[in-house]
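In the two complexes that follow, chain A is the common piece, with chain B as its partner first and chain C second.
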Partner chain A sequence: MKKSNKQVKRLFSAPADGLTSLGSSLICVFIGLLVGFLIMIFASFSSSLADADPLKGLGYLFSGPFTALDKANDFGNMVFYTVPLIFTSLSVAVAYKTGLFNIGAPGQFLMGTMCALLVALSIDSTSNATQGVFIWILALVIAAIAGILWGLIPGALKAYFGINEVIVAIMTNWIAANIFTWVFSLDNLSFMVNKPGGKSAYLLTTSSTGNGTPNLGLKALTNNSYLDIGIFLAVVIAILCWLLMNKTTLGYSMRACGLNKFSARYAGINDKKNILIAMGLAGALAGLGGALYYLNPGIEIQYQSVYQILPDYGFTGIAGAFLANCNPIACIFAALFIRYINASGTNLVSVGYNRYFADIIVAVIIYLAGFSNFFKGLLIRFKHKDRDAKQASSLYEKILVKGLKTKGGNE
Partner chain B sequence: MSATFILHQTILCMIPLMIVALAGAFSEHSGIINLGLDGEMIFGAFIGCIFCRFMVNGNVLGANTATNQWLYILGMLIGAASGCIFSLLLSFAAIKMKADQTIGGTALNMLAPALVSTFGLMFFNSERITSGGSFQLSTSTYTNAGLTGFVDAINNNSLLDFLFNGIYTSTYIIIILFIFLAIWLYKSKTGTHIRACGEHPQAAASVGINVEKMRYLGTSISGALAGLGGFIYIATQTGTEAENSVGGLGFLALAIMIFGNWNPLWIGLGSLLFGFLKSLAVVYNTIPLLKNLPLPMYFYNLLPYAIVLIVLIMTRKKSGCPKAEGIPYEVGQR
Partner chain C sequence: MEEKPQYVIEMRNIVKDFPGIRANDHINLQLKKGEIHSLLGENGAGKSTLMSVLFGLYQPDEGAIYKDGKEVHIKSPNDATALHIGMVHQHFMLVECFSVLDNIILGDEDSHGGWVTKKKARAKCEELMKKYGLEVDLNAKVSDISVGMQQRTEILKMLYRDNDILIFDEPTAVLTPQEIENLMKTMKNMAREGKSILFISHKLNEIMEVADTCTVLRKGKCIGTIATKDTNQQKLAEMMVGREVHFTVPKADAKPGKEVLNVSHLFVKNPYTHKETVKDVSFKVHSGEIVCIAGIEGNGQTELVNAITGLENVKKGNVVLNNIDVTKKSIFTKIKNGMSHIPEDRQKYGLVLDYNIQQNMVIEQYRDKKFSNHGWINFKKRKEYSDQLIKLYDIRTSQGSETITRSMSGGNQQKVIVGRELDKNHSLLVAVQPTRGLDVGAVESIHKKIIADRDKGSAVLLVSLELEEVMNLADKILVMYEGEIVGSFDPKNVTIPELGLYMAGAKRMKVDENGNSLGEGVEKEVATLVEGGHKNEEIK
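On to the complex of A and B.
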């Protein structure tokens, strides 16, 4: 009885087996690197890349940020660039689990950035460090609220008017981008813009007002990189998102809406409320990502070109979320992985390639991430084949023994 | 105010938008969400531009005004073919591997700029590729004709002149292609089969339609149209220079497709409206009434997006979204 229970349990857990998921992810990464390597070999035959070395290039891909002379600095920057990506990945993942495709992360990201900078740049706390921390927290809160409001536009139109959230999100992205440049072009806010002598069309950084993200010595530890405490915040929020989605009633009802809106409604779940909550949460996450990126004292933004092109972070967040299979905790690792490969990009230049080779590999891996079910199936089949083979061999032995016995009996 | 200028700007924005939006509709009607429109556009534009560059540099075509239109048409074909080939990556993932179509599209959107920049840097030492051809029909440009009003334009015969000489050949090709494909999708046997696979693939299969084949066909047509749209966008709007971005036009086209409720007629009208509103951002400076308002360029820039949202709220109706889109086809599933 006990044994059969165990067997049943194993049978049902097989498709979602963590080891199998990890295995399929590793297959994706392996094939991605292989494709990258093949492209590098192919490229090394080109006359314009005569000094290219594919083997060294592959090595650089593996070593990521630990290739350059200043490894600590590269590593610190890699972790720092991961922070906004974790947030945008979470934003897409949480919405997707509720059955919504949040393509509006770039707009929410920009709105969060704008409001955070408006707060952080308008109050001077260079002489008062404690005030600086409080203003930093205030800026984050305001950014989250701005993100919530911006995310609620597609959410509310979806919930109350039944309008597809994708179109509204795309439209609000461009509206946000134009508002961003518009606001910082206002005469009243010209004190936030770098004065002549500085870079033109750039905003001041938070280093000028002392409201930047604290780094608690992480900056010095990583040889003057951008690294700050944002990464801890990102990890904590990712874990909170996971708890919300998997361990609370609200998260359960949100996921129920994502699986089947109609049966969720039939079960008495308020799907409109869940759409609003999911989009608001997604907006807050993306807004926080933008705020934490640009509140770093070292990061500057060219506000005049913002309206022309949407920030990458939003769209890379889609990739991060799907690489993580929309699991909030896996989002941390997916974002770290993308940035790890990206970090090798600049180093590839020293062996004759350009930084876009790393982008190709990331794209191939994300493409293959879609095949995860196929790979999982392969792995399970392989595992079963193994078991079948064992069973078959034991059966064979039995038959053999039996045969020998009967043979012996005959003799 | 110059009517021809507004018309010119409207057409410039509308033509690539409407053909890429139709590309999205083709794929979604076959049951595949084509989020990779942006990537397919970049890829098509890039290969088309490289082709034109070789032709011009090798003095084969396009070196003079007599042959540049032929080069333009060939470039469009190459762009469409490369977009079609690139979209096979998506259809393979979505149809054969039953992958999540959103991931496939996102991967295509990341892969295309990376590939384009890599090979641009490798072979041309630049992330931007100039096609080298000039595809405007006549040398006289209509960028600011200085005419006073639409009536004048007709009286002076300049509208006719504009229609025959001032706009790109692609405008007519795209409009004819758009109408043909829209009718084909709804009236032809194959077109109906494609749409059946987007609505209820199992039912389609039960009457002998090869669902996988139809989905491949829909996505390939979609990829071809996106590549074509990308090449035209580059040729007409960015000064025949291909780079690793088409300014998010793929996503915008996706939005216009939803705005048009997946219906080609409304997609065409939607892109016309959007193109017209977009042109306002360029011409508002020349319109005295708008010039005097204390509003910056950014306001006119975001106006089209805001108006689309308002129109959506006012005209909300039954969604024409294909019911089986985004769901991999499983034989025997009900």
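On to the complex of A and C.
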């Protein structure tokens, strides 16, 4: 019994090797696409979608941004929209590795956006390109700091008072949304409005002040898309996060806290400090994501009643992180993948579906990502082709039913 | 052929393979009616696997199982139950928020028009309780009752289902000495009533006391089946380990040196129940001596150690380590100051189970210059160090330093912790139940290591529930009862029964601040003690 219990544990919680993890993610993707296809077939029976073509729809899901006429532009935009998602995915992943569920990414994202824009929109660099670059960097730094502070609120409450970070982060999300709305209300922003080059009375972009993200010709290369150098920054920071978590003593101690906070405490690791560091870092990442999105000269920010809902980047970041199994480098690919499917959404309209079908598929895939450990178990079983894994997985149910305490055997 | 004794269960040539290991290699087991048959073996010898095969949790790769001479195929625990085979697992399978009676009938309830009726069940349980001397409170919630009573609930569950082949998987590992004694009585009762019992254990004295026959397994192979009346503990141990085993490790007299740990007037309060778990405890531990805290589980030993090591807050009093007051200092500081700690719960505190061996080996020293360079982990040094300790402490692994500790057996997990704590620079070793759940071979090696550590000049504070361990290792014994130190002894001048009286609170003596006995000892009757306790509470 104990032996079997151990086997089950090994099957369902063992850190599988990279290949198995990748395989399990691919299975999730495949089943997600299959379910999407089935839904499209069923939907095509509906009278309102009479002219819908499920086969073509499936094809569009595969071709993603390479469907419509302006493929370069669609691709560029897809990559651009990936950047904030990489950051929010990293934010969730880093916190999760430390044993924290950062549902506060939307709030941190908004605070980063707000502070970056306050800097970038209030200083005019239209006549001085060098200054524009410096202000852009300054805006990023300020955004990161704002994110850190916003992430530290749930972090500190968790570390010092043991208050659940999820509950606090949901609160801080709404506080952030309302602060954002207040700051970008007409009265408060009057000092920024009416800048030369401002697009209209209700919309602002960093193109009006010349502090936008440089694109180094990427924009021209992709037929005037939004693409800028943010993607390079995202990749570099993802690699840095991976190095931090896997190669440094700090990352080692953070992961120890995430895996077993009791033994971390026993070993003299300061778990409070690690919670603060993880939430601060998560906040900085989400804040940077928000800043890099809105600092693009092409992205408009409305300055009135902006956020009655939370930005979905934060929540989709949770999906990205789990699809990536919380591996920072895999976060890049997970985010790219989500955006790839999303990019097909607009094209689905041309075959009779609306764009939310793409969202359904992403949702299914993310839902399945929750089962990634189960798929890993399947893969291991397939690899070894041994009967015990099979027995063990059926045992898993039995054990679940019996409500076995997972304390583990002595033997 | 017909003259062969009829076995209720016969397992013939059972083979069970796991990836990379043959857990059962052509094992034969024969169980007679009304017999207590013990299954003895080291950690990982294949006892549990064999029983899982019998209980239907695994299918054997080869071999067959016969019940009353007929071949049976047991594909799941349901099949086993249908054949009246029952198992008491080491970790109980009880619904905590249900009453004892509800747990017993769960899955086998009588009902009338869709409503569960318990009258008949209650009568049957009461009859069984009387018949076998199993005392439980049928109305109590499982979460409120003691471990011993939970186990009796499990036994009643089996009896309620009219099982006549009962498997006990290391039933004594979680019990106190008194509860063990009761369990032994119950087992004998059941055997007398015609039940056949399979008893998995690696505690030799229990096997000698209760079992009729004993089958010894070693590394998946059946070493032999032997009647207990024809053997002794020493022989059984040799069969099990495959070499000569010393129950008592030879040890020289202690040469206490300078004072390392000084605990003075320590009080600990439970933050939730506000009960004082440690009351005015004072003692000292010097280098080169082993001070052992004995007592029945739950008398404040855990809390005392947690307060010393920093896992729990001190309410009042001081802990001085190497002349530095560390009462309110962080665990990190205490470790820096020379503390090593083998924790009571190795899976909760001792290891990050999902980390591999090398990651666990440096968990207290990962920031040390040896294993890191300006914040970057030095993977090569870490692996070298871990490989070295694996060799030194004879840790059996499947993938060397890369082995995930969750996949290891409890004994080897413990060796990782012991190796890590002993090899680390330290002047104080706090060891809590260092050999809990380990087999005699591993116990012997850990005892040797602890004594060697003392001889190197460490101060050792040992907490153990096993009196034999206490007698073997201690240079000084302190007995804890209800959070207080009620006795201090030299192990040479005291007997186990005498210690037992102090542990049960029947006797007590005054102990001074250094943890030394004051004169002859002040003896009291139990009754007056209990009264005194009540008075204290009233005053509060």
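The working rule: the second predicted complex is superposed on the first by the 353 of 411 C-alpha atoms of A that agree within 3 Å, B and C clash if a C-alpha of one lies under 4 Å from a C-alpha of the other, contacts with A are read in each partner's own complex, and residues count from 1 in each chain.
We take it that a residue touches a chain if its C-beta (ideal position, glycine included) is under 8 Å from a C-beta of that chain, and two chains touch if they have at least 3 such contacts.
Values in this document were obtained by computation on a predicted structure and should not be read as measured data.
Trainee: Looking at the overlay, does A:Gly162 come into contact with chain B only (first), chain C only (second), both, or neither?
Mentor: A:Gly162 contacts chain B only, not chain C.
Trainee: Counting only touches as set out at the top, which of chain B and chain C does A:Val362 meet: first, second, both, neither?
Mentor: After superposition on chain A, A:Val362 lies in contact with chain B alone.
Trainee: Determine, under the contact definition given at the top, whether A:Ile170 touches first (chain B), second (chain C), both, or neither.
Mentor: A:Ile170 sits against chain B, while chain C stays out of touch.
Trainee: Touching A:Ile309 in the superposition: chain B (first), chain C (second), both, neither?
Mentor: After superposing on A, A:Ile309 lies in contact with chain B but is clear of chain C.
Trainee: On the A-aligned overlay, A:Ile318 touches which partner chain: chain B = first, chain C = second, or both, or neither?
Mentor: In the superposition, A:Ile318 contacts chain B only.
Trainee: Would you sort A:Asn128 into first (chain B), second (chain C), both or neither based on which partner it touches?
Mentor: neither
Trainee: Once the structures are superposed on A, label A:Ser350 by its partner contacts, choosing first (chain B), second (chain C), both or neither.
Mentor: In the superposition, A:Ser350 touches no partner, neither chain B nor chain C.
Trainee: Quick check on the complex: what are the chain C residues that touch chain A?
Mentor: Touching chain A from chain C are residues 18-19, 23, 43-44, 48-49, 51-52, 55, 57-59, 76-77, 87, 89-91, 93, 95, 169-170, 173, 309, 311, 330-336, 341, 343, 347-355, 359, 363-364, 366-367, 371-372, 375-377, 404, 406-407, 409-411, 436-437.
Trainee: Which stretch or stretches of chain A touch chain C in the complex?
Mentor: Against chain C, chain A makes touches at 1-4, 6-7, 9-10, 13-15, 247-250, 252-253, 255-256, 259-260, 262-270, 384, 386-388, 391, 395, 398, 402-405, 407-411.
Trainee: Looking at the complex, which residues from chain B come into contact with chain A?
Mentor: So the residues of chain B touching chain A come out as 89, 93, 97-100, 102-104, 106-111, 113-115, 117-118, 121-123, 125, 245, 247-248, 251-252, 254-255, 258-259, 296, 298-299, 301-302, 305-306, 308-309, 312-313, 316, 319, 321.
Trainee: What part of chain A is in contact with chain B in the complex they form?
Mentor: 39, 43, 46, 48-49, 101, 103, 157, 161-164, 166-168, 170-172, 174-175, 178-179, 181-182, 185, 307-310, 315-316, 318-319, 322, 354, 356-357, 359-360, 362-364, 366-367, 369-371, 373-374
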